[in-house]
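Multiple structures are listed underneath, in structure tokens.
You will see subunit A twice below: alongside subunit B first, and alongside subunit C after that.
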Partner chain A sequence: MKDTTQHVEVRDLSVTVRREDGTPLRIVEDVSFDIAPRETLALIGESGSGKTTIALALMGYARGSAEITGQIRVGQATLDGAGGNALKAQRGHRISYVAQSAAAAFNPSRRVIDQVIEPALIHGIEPEEAARKRAVSLFRSLALPNPETIGQRYPHELSGGQLQRLMAAMALITQPELVIFDEPTTALDVTTQVEVLQAFRRVVREQGATGVYVSHDLAVVAQMADRVLVLKRGKVREQNAVDVILQSPADDYTRMLMSAAMPVVMAAPVLPDAPVPLLEVEGIHAGYGPIDKEGRPAHPVLSDVGFSIGRGAALGVIGESGSGKSTVARVVAGLLAPARGSVKLDGVPLAPTLSGRSREELRRVQIVFQSADVALNPGRSVGDILGRVLRFYRGTRGEEARRRVAELLDLIKLPASIASRRCDELSGGQKQRVNLARALAAEPDIILCDEVTSALDTVVRGAILDLLAELRRDLGVAYLFISHDIETVKALCDDIVVLYKGTRVESGVRDSYNVPPVHPYTDLLISSVPELRSDWLSDESERAAAPFAHLRERPDLCRFLPRCPVAIAGTCEVSAPPVRQLSSGNAVLCHHTEETLRRTQSEKILG
Partner chain B sequence: MSASASASSWRGPLRLIGHRVLLALITLLLVSAVIFTISGLLPGDAAQEVLGQSATPEQIAALRKEMGLDQPGPVRYYQWLRGISMGDPGQSMVTNTPVSEIISVRLPNTLILAALSTLVSVPFAFLIGIASAIARGKKLDRSLNVLTLSMVALPEFLVATVAVLILSVKLQWLPSITLIPQEASFADYVRGYAMPVMVLAVGVIAQLGRMIRAAIIAELDRPYVEMARLKGVSQTRLVFHHILPNAIGPIVNAMALSLSYLFGGAIIVETIFSYPGLAGLMVNAVTSRDMPLLQACAMIFCAVYLLLVLVADVFAILANPRLRNA
Partner chain C sequence: MKIAALFTTIRNLPLSGKIGLAFVVFWLLAAAFGPMLAPHPPGAFVSEEVFADASSRLWLGSDFLGRDVLSRLLMGARFTVGLSAVAVTLAVGIGTGLALTAAVGPHWVDELLSRAMDTLISIPSKIFALVLIAAFGSSELLLIVILAVIYVPGNFRIARSLAVGLARLDYVEVARARGEGRLYIALSEMLPNMIRPLAADIGLRFVFIVLLLSGLSFLGLGLAPPDADLGSLVRENTSGLAEGALAIFVRATAIATLTVSVNLLIDALTQGKVR
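Showing the complex of A and B:
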């Protein structure tokens, strides 16, 4: 080998793990690829495709007792067969790694700066003072706030987007020749993701490093990579330049990934209007800590949030982390008593907490949590889990219960034989289906779905969305569907509420969100979703600065003010915004009129 | 960082620590009530014990009055609590000397034995715990597991008896009782303490070693450890620089438990080696119904236990930046 025009050469890479009974299982099979200097290669596929395993193998690293075979060359170094010390000298020095969740990958008990400069110190690249200086200048190019002092903080004092950028600084401090990004933005909000992607791309180009970008998100990959390697179950399905993959994918699997990345709207018939809506939420104030005389909690999360959902309808609640969207579900479910406001089911007020609700009321409102791993008892069989719900709400036992479990599994499109399997033997998508079946077993009128698709791959996510739409059509169940992803919400829901820091900044029907004008925050959310073309991020010029970024957020003003690029001086920082009814039917909480909103937003589309 | 910023950053942990101190004091008060009540429930009393079987009821009643045993419980509790909080736990009913005097002779012995055992045990426990955790599932780990489990399972009296049989009786290397004369040389010290320290250390090393292993293994699977490895960090640096700061909370708590055992649980070792420590004193106080002495010993053990746990808590708070800056 040694084709010197290529920076990285991988030939016949296989990774083998041992099953519990000792038999070998190849999780990566005969993968070969090259990366030219200064190019970025994306590894894309679902979970279990082996993309992270391959990326780690480039550092000569395998998790657990897995075994790497094949040839791996990075620059001058041959990594296959290299000893522990030789590998240690490469890792974090010539080849560096940016992990998926920076919040978990930073050591919680050490200051960030010490961790960022650690690679430079242990590899003896430069003295501590020089490394600190380099770190600060990297912080600056990564557009981190307060670059001089931010390193003095501990990981828990920083946001996810900041940590992810700090981790990139840690990877780049030794000026490595190869940087591996392992799903670095998957855990971030869309609005943060754009900023982080832009910062990454700029800095990697400045340093002239070769890149490997691992992701399941084709649209993100399109912005970051020059070439794409599509993987499924440890095998290469297709590899080509990014534009070729996007415009004329050769492999069926690639085409499936592409179509899953663009969810289609799944309309469902809304049942005829009843005189009272199924669920009516009015003027909810909720939060944590002691409640003052005016009914405001010490740490407010929601202020004056309200909406209603008809029988068989689907309402989407979207917002970024910290918007209070999960708190909405917790209040409706009775897990958190609101400080003020009411929740009515068929016009009848529900007790604020679970203990005050009848079993029938509990049955009619079911909640499905984001992580099926946590929500389902791993030691129980699927049949047990579903059977328990049937017994609790319906008193169904024995043969009848077994029949019902089989029906439920059929409903969520899993074979009846799965009833005897334990939850920890199922795949992520299967678990989420069982999680959904657990709620369906109660035959509820409404299901509160809290980020149920967020932890899933694009393909699995698409399948779960299809299932949700079908269940709604067949069973007439209503959804309160909570997500941070506006595309997902648009695919499933009739009405959408946008939350920002616990306030409802916009509400209206789905189609009104497709054209301007919308609330400036909604506009930011929509424009932050990466598109399936390779020049999107370059077109998405650095965002207009917010004129009031220096102001602190205040509860009596528009909460979005410190981030709003179109804030009106003399108005927005003085008084609270009114609720405006737009001609599209949407209600927005903004000082801008429909006309001025439309102007700012269509200008951007044209320019 | 400016002075005012660092002053305010201390307010959080100080409040947390103050809270723990207050809780410890309340616990101690509750414990004192329990000790006083329970020691009152023991059958027989000191007057009976002092005068023996042949005493007449009148003699016993007279002595009870003299000892203050005829007063109502709450009054005696109040007087006792007041005395003990001022450092005077009263007179021994059996020897008629102040309890504080008796204890001041024995306490240093117990402290020395506990301190020596700690000095010997802790390094070995760390060595075993760390080595075992890093080699998780491998041969070394499995053999160390077998070793520590057998060490935990062996009763102290067995270890002590076997040690005496071999080291004193057969080989005649070490004395079978630990009597340290006033003008003992360093060699005498070492010879005298070798066996009791060894016997105590067996259990503590095993217990503490297993806890340290568990604490480190809990950290090993966290993503920051993999990240450190991918940065090319050496094994030693990984353990001491990355893992231990995060595992130290549970480890110091395990150490506090082990140390409190060394302090109060050394009764078997004290008996076998005729070592004049506090645990033996307390047992004597029970058999002779010497309530003031018994109560004072029990209070000391509880106070030491609470103090150790408190120190461990404070240490864990200071080691954790989340709690430290809370």
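Showing the complex of A and C:
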């Protein structure tokens, strides 16, 4: 511990936990790194790579019965592994932590400002009045709306992106020397993620703090970090400056992470032309609550959504949270009856609710949910779950069923021995595969995939996407693929529908989304996806302000109006937008003509 | 094979669970075989002395009328364990069954059942028992029915809130989308995931029933003397409290060990160490 020019020094850090039977298991092995003052180091790796464990160890903290060995020095404080733990006292004061789920980190019954200034009061750094002033100035730096008054609100009145920034304010209120960000944007929409990343970067620089950024997403890390440490199963695979890692990665694993961050477009199978599409959805209006005389539900979610999917085709539906994309899947599956509109399978109208559909119709349309943790009954074995589907639709039992379960597991590339395991013993990726296998067991014509890759880290996501493409090629199954990530959708789907607040703002074939013109909202979505270069976020200069940001969203106008940077005064706030057919074949819901859309979007690319 | 698995389960129990198990087994055996082993008839006056100390003839001394404490304890254990176990099984069976019906059934069924249970829960339990016993006369069967009915709504509420939470989970939605019937969803998808919290509820309700039974007996609404359950054995000997009589101490300890051990065992079984 001689070199005091480094702010953080970690030498031979190991963390050991005890398995249930008492044998030790090293989850972090001999990790060493330095962080210079004011630099940000990124810890990157899949789930289970030990990145959060290392981040917590920097605060002198280990979860449960874990044991830390090795030396850690942060500023003057050290943890020597022999019982001395001066780091603990720094926690929440000189070292602070921003966690993934801000919504869970705030107490719902207290105003946010009282929670934000709490660390300053607990550590006796400032009197309350000064802390409040500092909080407001932090809110301003973090680009929160109404910085003077936002603190008076309660957590449930704020959005996820706002809460994440408020949590950063809470971490920065004590003017820490080291800030640890643990996957702070993973739970956010892409468009929100950009704003939050920009705010974090600016405020960390203003404060002159040293940063540690934990993430599984290399593209996000590229925007935030100066140096990157690549971890796999608790061991360091590579560490270098961010540009070196991005341009010439030395380690195979780093290269794998990079390729996983850019999903490749998979070759679409040649589809036979059929006169009748497999699934046809027309003019769906749906929502929750009682339905009024005009057929509108009290809380409308979808208005006039329609699309069609051919046999063996893949249609992507993208949108942010709250766009109604999951509701589309629920309506098609029959879980939610639409207020108006029809769903046809092979030209035959399907009943609006489950009870009106025949078992055969149900078999042909299968749904797969996002979170495999709650989509699989935790108390049952994999074999049970798959076997039930076989017995239910086909009456397959006994030896025949066991053979079929083994075939299905082979199809999703899991060993047959997994059939006897309980679902809560599987990893996230394995669960998602079993989740898919359950749908495949019914031998459906179409699978409704509701955000099936969103909860997975990049490497596992890539593997699941490959699997989906392969199944489509081999089995001819069609997909309705719902996601908030346009890159994922592009990798798998031939046609793409963009939803915004329950309206279809754009629809068309995949390749038309690669070049302008597109709908202003689609443009926003595409430009929000972080790219694998370190200067991307600085290019993405502050977004053009929306001229009608003060207006409330109205169902009879363009829903995107309050956020649209190119809204036309005198038109957009007066009448509903028409559906325009672009020469690329895409249909957009916008007042702009193809020409003006192209002009606004190409300007940005050139400028 | 099954027996080997049972032994493994027992070996893996935490210490508190083993203690609980030992006492539960002890009281079950006492309830089953106790009256056969009792040295004296429970109603017989066997001692001249009231609240006598333990002796070689009366192992646990005599009570306020000079009857054998041990013999009466063994009889009381049979009534308490037997009545409470049957009543708690009925209460939880009916409560959870109705709760699952409410959770998977149409909305109006849920409303109907929930409001009916609210009505039932608003009737004071002792008054309810008093009215029924006055109408039909006290019997063991009626006591079981009363105890069960009184504790159905509480169990219904807990089970319903668990079931309604589970009904929103994706795996239940998937089963619905597959076209599964309501019975299958309730019994195969939902019930197995409610077992742990329900087991804790069973333990709690068992204690309530033991206490209510004692209360009813004290009011003369429970078992008619000379029959008695553990609760009434304590009550009838309260005059010995000042003398520190074994008669009262032993029976109070009996209730404590029975109720605490049932809960220790259930807690240990549901803490996840043992599946």
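Everything below uses one rule, namely that the second predicted complex is superposed on the first by the 595 of 607 C-alpha atoms of A that agree within 3 Å, B and C clash if a C-alpha of one lies under 4 Å from a C-alpha of the other, contacts with A are read in each partner's own complex, and residues count from 1 in each chain.
Quick note on the criterion: a residue touches a chain if its C-beta (ideal position, glycine included) is under 8 Å from a C-beta of that chain, and two chains touch if they have at least 3 such contacts.
It should be emphasised that the depicted structure is a prediction, and the values quoted were computed from it without experimental measurement.
Partners subunit B and subunit C clash in the overlay (superposition on subunit A). Residue contacts after overlaying the shared chain place A:I367 against subunit C, while subunit B stays out of touching range. In the superposition on chain A, contact of A:E118 is made with subunit B only, not with subunit C. In the overlay built on the shared chain, the residue A:A375 is in contact with subunit C alone; subunit B does not reach it. By the touch criterion stated above, A:P562 is placed in contact with neither subunit B nor subunit C. When both complexes are overlaid on chain A, the residue A:G50 reaches neither subunit B nor subunit C. In the overlay built on the shared chain, the residue A:H93 is in contact with subunit B alone; subunit C does not reach it. By the touch criterion stated above, A:R359 is placed in contact with subunit C alone, subunit B being left untouched.
In the superposed model, A:A104 lies in contact with subunit B only, and not with subunit C.
In this superposition on chain A, the options for subunit C are 7-15, 43-51 or 241-249, and subunit B clashes with just 241-249. Judged by the document's definition of touching, no subunit A residue lies at the interface with subunit B and also at the interface with subunit C.
Contact residues on subunit A toward subunit B in their complex (touch as defined above): 56, 59, 61, 63, 87-93, 96-97, 99, 101, 104-110, 118-119, 122-123, 152, 154, 156-157, 170. Listing the residues of subunit B that touch subunit A in their complex gives 1, 222-224, 226-234, 237, 241-242, 245-246, 319-322, 325. On the side of subunit A, the complex with subunit C involves touching residues 333-335, 354, 357, 359, 362-363, 366-367, 369-371, 374-380, 389, 392-393, 438, 442. Only residues 169-171, 173-174, 176-180, 189, 192-193 of subunit C touch subunit A when the two sit together in their complex.
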